[in-house]
Structures are given as structure tokens and as C-alpha cells.
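Structure below; questions to follow.
Read from first to last, the chains carry the letters A, B, C and D; within each, the first residue is number 1.
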């Protein structure tokens, strides 16, 4: 089975600029930096990294990775994709610490990776007891480090079409917005939280934002403080406010390349077999998108393009 | 000497409506309700009430009260106002629990009261130890009750003119905005916090907002949650965000009559003899008004008129 | 598959006394009260109730329930228990809103229920959008209501023996303490959090505590404030402090019958296929039990007996 | 008039060791380090430093300083001390940035300094708006930096005798404990908070603790986390818990030399002319000392000796 969103790779223009923003300011933990990539994780994560920033001229979503429960399941997934007529590629050595990786473009064109084997941080060596839990290193954290990776918000031409794929690979919907005959949006997940992958209708395939959880309402607010104090006031794009859908207390920030990150707290867990919560488009526009908060600024509708150089990609933007 | 802002009276259209908003929803402590007035206080206050809502057809700022250090000082203040050529009135029995009260209209037209004697809540009787501290009643609080009254934000035609008065009665400036030859704004105080009375330039004498402190960043956010949950989403007018001036983390809300209340946390203390912090108008527009946060909505420029039926008032709005 | 701990039933001596503590003070949501039982839930829960308090002369753990993914899986579980030689009982109508229920005593003697069908709260009717999310009712909450049920801490004679059972029904271990040849403790789970069921060695089968999550560090502290303010100071038994194992920021409280509840925040998620984190008994005694915090009081070693009138029970305490 | 506690000097054994604890771990801002002293301040302070750690073989309270409203008032204070028959010394250049300083030993033997002129941090230069408020530098803070200095807790042989002195120099009592004919303790202040100087009965003149305010309940807890994570678990001496007197949510920590620091949040403001809140010794023992929290450990009764080499000192411990 698919367990969760485990990794995101973004193409960025300048690693120094990215390191200053993500590591020196926000407080992401710097795991490694190679000539081309910066490897980062949040504080309560056991995978050695969850965010990869890779220098490229093509500023876009490089891909995102979903962790699966076993190596065998990777083979099952490859077979399932073949059944669906989707081109696949099984590769090794994609990133340090990663095992076999199945690559596909999902039908909307988003670049997806599946993997099982992933290097874990050391939880047992060193001073007795001390390094067992990564989060017990608050004395060496800086900024307001995120706690863990949570989800992607993707833009797709047809949510109903996209949902067919995600349902086929085992996702369930936590909440959705029905607009007449079609879904306007669906929050889909492999884990019990509200979403790993949100699907929202837009003319072009794109990434709207990635999301990391922080430690409660005050950490969301202190992230905005931190950015403004460090001279990144323009990076504070939208919020804070409360979403109706998902219940998240959100802040949307933009990195130096314009990639949008939701820094949030407060969504809920719900068993995956339970029926999704449906909103009409009217309800959603009135209360679902925004339970309370400031009016949406125009910039919030800008999106990040997706990697066009990907196996089977048909994205042309 | 003048100690601090101690009380505010607002004219409202309907006490039931106000009680639902202030008491049942926000969690102000209801001290008393008479035919005409609702008496409220916050959780960490010892004065029996700090906010009075009085039913009137004239929705406006009725007056605000400054507590002074002694009865003798009231007489000194009366003499000082006579010296300044300001009409005064010494009255008794203004509100339950209040002693002698000196009434004046300050030169811009704002209705001000000075008083010393004020009924205190019982801090020693009853169950041993239990009622000694009012804030140790969290089991009977509801909503997100404010912690204590803090300040008024007044609009005046000339800040420099207004400041002459406040300086004369012993206030100091914590921060100010200089716009060419004149002050655009000044945050003035009798206590060591950033302000009891803020003065901001506007064509007409008016009240912009009153302010209560809440318990930290998360209480500010949960106040917005509370209002939206209770069906008062439109009362969440502006914020949350961070002011540069005063360092406050703010949320501006509107009561059912449109009176604006700043719910905030995080300003600082500074000795009153130290020189004020000055901002140019450019700095203020760039960083002072808003360190970070959403764009100011138009409604935020609306103000509450002030009581015209007040001794010596020349306000005509 | 088994999804999670979903329900706990405790025998209590007096429903009025329990309602005053759990509902009027702590802020559990009162769903229903019958002649014999009080049905409660936390704020971010969709099951109509997760805690049942039933009046009985035998103050003990009545049972706890684990929700499974389907009705078919209930039948599979019954077959599996028969294979293990464990007596089973399939019953209906146990509690309002509950479907078929499989009852067993696990080998240590703890009374367990498995069920799939469970009545959900209404998430779509009423005022548009308003009741969709249960947590968006902060205006009617009181106290510091817990957010959701999390785990049980059970005392068993042999952790290794007990673990054989829990492993067989699909649980995994997040952390454990090795004491020479045997495990002193194991934190086992069906979901990705650190535990649904903790197993700790003790001479007699017993319940040490049940646990509910609250909203962050400050809600843990405010729960202690709330109890002391309401006259329940003696209910604040141990903490707050930080556990090394699980990383939880904890407060242990006792209800009027002595049942212990952990009110906590801050444990982590980790994929279930990853190897458990092991502590030696020395490490655990030095840092694992208590990362920092006050010395353990004697009362903390008291436990709640388990229901002896249960199918197949061999418990004699 | 006396404004507030403004500065504390402690004798320590090793500046490197102190810097690691106060600066590298807790996050005090390092202002300067000379051969003999380390100068520190908290985040929301405008005085260039409030804590001085000076290397000495005599680990003790070197002295503490109270800021007064003017240079003239220093002279008045000197005259007043002469009237009281207390030896005085007026010195200059005590610490960098400090003006004239009046030194006395108060009758119990505590070394006190009074001063008016104190160097302020720069609030107006540099990047426009950016350095105006010192607290808007969260991007360069580490640890959980304290917000501001608050009070000293002194041990004196007779509280009634000590109070005569503090009353004479203009302090008022916020709360006190009456034990038969004498006061067991008195919380006295120059500002409107609950105390600048607490006086508690003990056989020997000593310092019990100094206190810094942090940003709310969660910062208190995160300070304990921080210390334990950094390997200073034994420095977490007592708490967290809630005091009845003063309402403070407290954590007591010990520095590497054993000096005790209260890290706290949540006391209240109250006008100085209002009558103090009295506790009987019985009430205080039951609820006042500890509203809720862990039992007091023996180490908590240890104290720091006071400087014997001080003008007029009669302390012999």
C-alpha cells in the first residue's frame, strides 16, 4: 500500500539563495549539499530528507515521491500502471539513501515517484538516549523549523479525471467540492490526515503549493515574524487565516524562486473508509476556502509549472 | 499623577445584542446589567468593571476614564484644566462603584473622565485562597476572555495640538511618526506600556478603536476562530498581523454596532523618561504601520463618532 | 486491518460526579446520558463517542475498543482468535451507534472489543458549511476540551508474552525497553502514532492510564490550571514534564474514581514498517521515562483493575 | 522615584561556562564580554544590558540595581539613606554605559545600587525601521531568549524589618503572608507588576532567585526542553507549576554555579495604591506557594549568599 507523501523535489535557480531562505532563516535541517542539490528535513522526521532543492534553469516542480509499504508493492504498482496504460520507469540511485524508484507521470501530467527503501536517521547511537528522538535537539535548531512534510496541492484540468487515477492507486477523499456535474476540488490521502495530494481545477497542470506542518498556531505566526524580521516580508503572501476545508490554520509563503509553501497547523485525522465531507461550490466559496481571514490576494493564484522532462509527460506549459 | 486608562463607555443600540457578542461569545465577564448599561471586565482586572456599554440612539464613544493616584490629584487636575482654559465638571455617582469624577473635553473634543476611587473586586473573602486572584477562575470563563484593558486610538485634527494637552497632563510619547513639519501620529502613555492614548491625524475627531490585551499570540488567533465559529465572521475585520510601531500582534474586530476593538498581544514596556522612537512617514508607511500582514481593507478607515453631548464639546460630526 | 483505538469504557461510582469532572470541568462533549452511562467525545472526533463512563460497583476498566476496516475483517479476526485458542463472542447493540462487536480477553486478561460500524456525527446538514467540521464549534466548548482519543497504557505480567498477541493481530512496535532477556515495556500501535496500546511489566494485569491529546503545550498546562481553579487540585497527579519515549509533553490527572488520564501533546508519527527504537533499561531509567520533569510520586504507581466479568477472563485481582 | 529593578550582577566561577549556559543555550543576548564580565540582556529590553556575570572566587550575589527617574532623585535618595543612618557611596563608571551610581547595603545586608543614566540600545539608525524595535530580530535569536528582567527574591531575617526600608524608599506591597505577629513574606514593587523585590523570612540573608519573564506558557516549557536537550537536565530544578501568590506559571532553573533563575509568565498588573492581598500562613501553605504543581524538592531551599565586600555590609555568611 501507499503510505504517505514522503518527498518533494523543486527546481530552484540558486542554491545559496535557497539555503539562506530554507536553512538559515526558516530553520529546515540541512542534511547535505552537493554541487546540484540541497537536502533538507523537518524536525520530527526520520527519513534522512524530505525536501530536495536542485539547481536548474527550469524553475518548476521536479517531482514528488510517495513512500510504499514494501519493495514488492513497488512491483505491484508498476504492473497496475501498465494496466492503466501509463508509461513507467524503475530507476535506482535517484537520491542518496533512496532505493528502487518507480517513476510515472500521472494522467494530469504531474511527475510522481514511488519508493520503499529510504535511509533513516540514526536513532540509537551516540550518547545514551540522547539521539534517539530527532526532535530532542531543540538546542541546535534555529528559526521556526517545520515539524514534518504533509501534502501537495496540485492543479489539474479535470478533478474527476485525476481522481480516477488516485482512487485506483488506493487513495481516499477526505473532503471535496461539487460544482454542478463535476468536482471542483478533492482532498485525497494515503494516510489518515486530510490530504497527501489535493486536486483543484485549473486550466493548466501546475503545482499550487507544498505544505509543512509546524508546532501549533503560534509557530505559524512566528514564521511570519521570522520572515519579516529577516528581510523577507514580501515572502509572506497570504494569511494567517483559517480554512473551512481541512480546518487548517494557514500561512502561505513564497520562496525566493516563487515556490509557495503552506506553513500550517490544525488539520484533523479521520479513518479512510468513512464517507468524504462534501461542499457545494457555494458553500465552499462562502465558508470552505476561508473560514475567516483576509481577502485572497491576486498573487495567490500564481502557480509553479511542472517538470516537462519527465517520462511520459504531456505537459506543455 | 495619572496612572492609566481605566474605563471606556460606548453607546450601543441594543444591550441584548451587545451581551451576546461581548459576554456570551468573547467571554468578557458580566459584572452587572441595569436597564441602560452593561458592565464588563476582563479576567486579570481588579477594578469591578472597565467597559460600560450603554444603550443610546447616538452610537458613539460616550467617554473614557483615566484613573489617578489620589483624590487630591483630582483637584489638582481640575485646577490645571482651568489654567488651560478647559471647562470642567466634578460629578459623583457616575457609575456604580466610582467615586468623584472630573469631566472634561480635551481640546480635540474627546470626552474624558478622571477618577481615583473605584470599587475593587473581592480578593480576600470566600473559600480560603480561592478568590484571591480573579484570573484563577478559568473553570468559569467562556470564550477567549480578554486579559485587561490597554488603550484607545483616537483620531484628531492635529496631533501636535493634541499632544500639547496630553503632555501637559503628564503623558509621554513612546513612538511617533513625523510627516514633514507635523506629527502624523503619537502613541502616548501614562503607564510604561506603549500607549494609553494613541493620537492619529484625521479630518474629524473620532475614535478608531479600543484595545484589550489577550493571553499571547494563540489567544489572538483563537478569538478570530471563536467569532467565525459563532457566526460573527464579518466581525473579523483586519488581521492578524504584526505592527511595527508598538510591536503588537493584532486582530481588529467590529462589535455589532461597528465599534472596533483591537485584540492583541506583544507590546513592550519602556521607562517613560526615555526619548521616544521616531519614524518618518515613509518608514511608517513601509514598516511601521504593518511589519507584516494582509493589506488594509477599506473598512478599516471607518471610525466611531464621539459623544457630542459632553461638557464643553465642540465636536460637530 | 485494525485501524486504531476507538473507544474506552470505564466503570465509575457516580455519574453525576463523573459528569461534573469530565463534562462541566474538563470540557468533554456530552453526547448522551442514559440511566447507566455517560457518552463523551473530544472536539476533533467524528465517532459519536469515544469514552463511555458506566456506573458500577466494580470500579475498573470495563473494556476498550479497536476499530477495524470492515465487517469482513471482524470475521477474519474472530477466526484468528479461534486459531490462537482465545474464546470469542460476537455481540450486537453494545452501545448506541455501534454495530457488530467481537469481544475477547487478550492473553494478559485485558477486555478488548473489535468493531467496524460506528455512528458518525453529522458533518453535512444544518447551516451551510457550519457543522461540517466538529472542531469549528469553539463558541460552545467549555474547559480545555481534549482533541482526540489516543492510547491505553496497560500493565501485563510479561511484555514478551503480551506482544506475541498484539503482533499476531497486526500491531507494530514504535519503541521498547529491553531489560536483559525480556522486554520491560513496548509501545505498540495500529496507526502511525507512537502507540495505541502500551504494554508495561507489572505483577498484575491492570490499566495504568488512558490518554487524550490536547492542542499543544499550553493546553496541557491550562488543563492543570483548570482543574486547580475548579477545586480539583488533587486530581493533578504528575507533571507536566517530557517523556523521552514517545516525546510526549505530559500531565497525568486522576478522575474522581482514581482513573488516570494522560493529557498530552507532542508525540510523533513514523511508518509502521520501520524498526522500533530500542532503549536499554538503564537508558530508559535515565532518560526514557523522563526526559525532564519532577520526580515520580508514589501515587503514580497505583493502577486501575480490569473487568473480571468478561468472556474468557482469567484476571483475579 | 524608583522605577524598577534594572540590573543584576552575579559572581560566577567561569565565564566560558556561563556563556555556554546563558548565551549559547538559553539565548540571552551577548552584549559584551570583557576579561572579567559578561554583559547580557533579554529581547524586549532597551537598556544595553540587565544581567552582568562577573568572574570571582566568591560565588554570590554581587549586587542588584534599581533605576530611578532622574539624577536629582539619586541625590534625594542619598539624603534619605543618610537620614536612615545607612552608609552610602556615590560612584561613577561602575559598568560600561552606566552613569552615577548610589551604593548602599539595605538593612538586611543586600547590596543595592541606584542609578538613573543607563546606555540605551540603538533604536533609530541603520536600515529604515528595522532596528527600531529590538524584539524584531527573531531571525538572529537562538534558544528561548527571555523577554525581560523582572524581579529578585531575597531572604531576610525579618520581613517586617526589611519592609520598613523598602516602604521608606517608596515601594508598595502587592501580596504578603501573615504568620501570627509577623510577616512571613512580602512581594514589593516599584512598578505595577507583582514584584521587583520579594522578601521571604530565612535565618540568613541570601538570594533565593532572580527572575526573567518569557513569552507565555509554552516558552516556559520549551525552556525546560531546551535545557534537557542541551544536556542541562539537572539544571531544571523545580516546576513547571503555578504559584497562587503572583499567579506566575513558573520554572526554576539553576545555572552552572547554582544561581537560581525563575523563568516565568503570567503575573498581573495592579495599581500601587490599592491595598495588598493578604494570605494567612495556612492559606499560603495550602494554596499560595503552589496553586498546583509538583512537591517542592529539597534543593529548592538552597540559596545564593550575598556579597560581603560591600559598603556597610554586615553579612557574615
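Worth a mention:
One rule holds for everything that comes next: a contact is a pair of C-beta atoms (placed from the backbone, for glycine too) under 8 Å apart; a residue touches a chain by one contact, two chains touch by 3 or more.
All figures in this text were calculated on a predicted structure; none of them were measured in a lab.
Common neighbours of subunit B and subunit C, listed by label, are A, D.
Simply put, of A-D and B-D, more C-beta pairs touch at B-D. Centroid analysis (C-alpha atoms only) places C farthest from subunit B. Both copies, subunit C and subunit D, contribute mostly matching positions to the interface they share, with over half of the numbers common to the two. Rounded to whole angstrom, the centroid-to-centroid distance between subunit B and subunit D, based on C-alpha atoms, equals 31 Å.
A separation of 44 Å divides the Cα centre of subunit C from that of subunit D.
Per-chain CA centroids place subunit A at a distance of 47 Å from subunit D.
Shown for subunit A are the residues that touch two or more other chains, namely 130, 136, 216-218, 222, 225, 228, 287, 291.
Of all the residues in subunit B, the ones that touch subunit D in their complex are 3-4, 44, 46, 67, 69-70, 120, 123-124, 128-130, 132-133, 135-136, 148, 191-192, 215-217, 244, 247, 268-271, 273-274, 277-280, 282-284, 286-288, 291. Residue ranges on subunit B touching subunit A, taken from their complex, read 216-218, 221-222, 224-225, 227-228, 233, 236, 238-242, 249, 287, 291-295, 297. Partner subunit C is touched in their complex by these residues of subunit B: 25, 130, 136-139, 142-143, 216, 218, 222, 225-226, 228-231.
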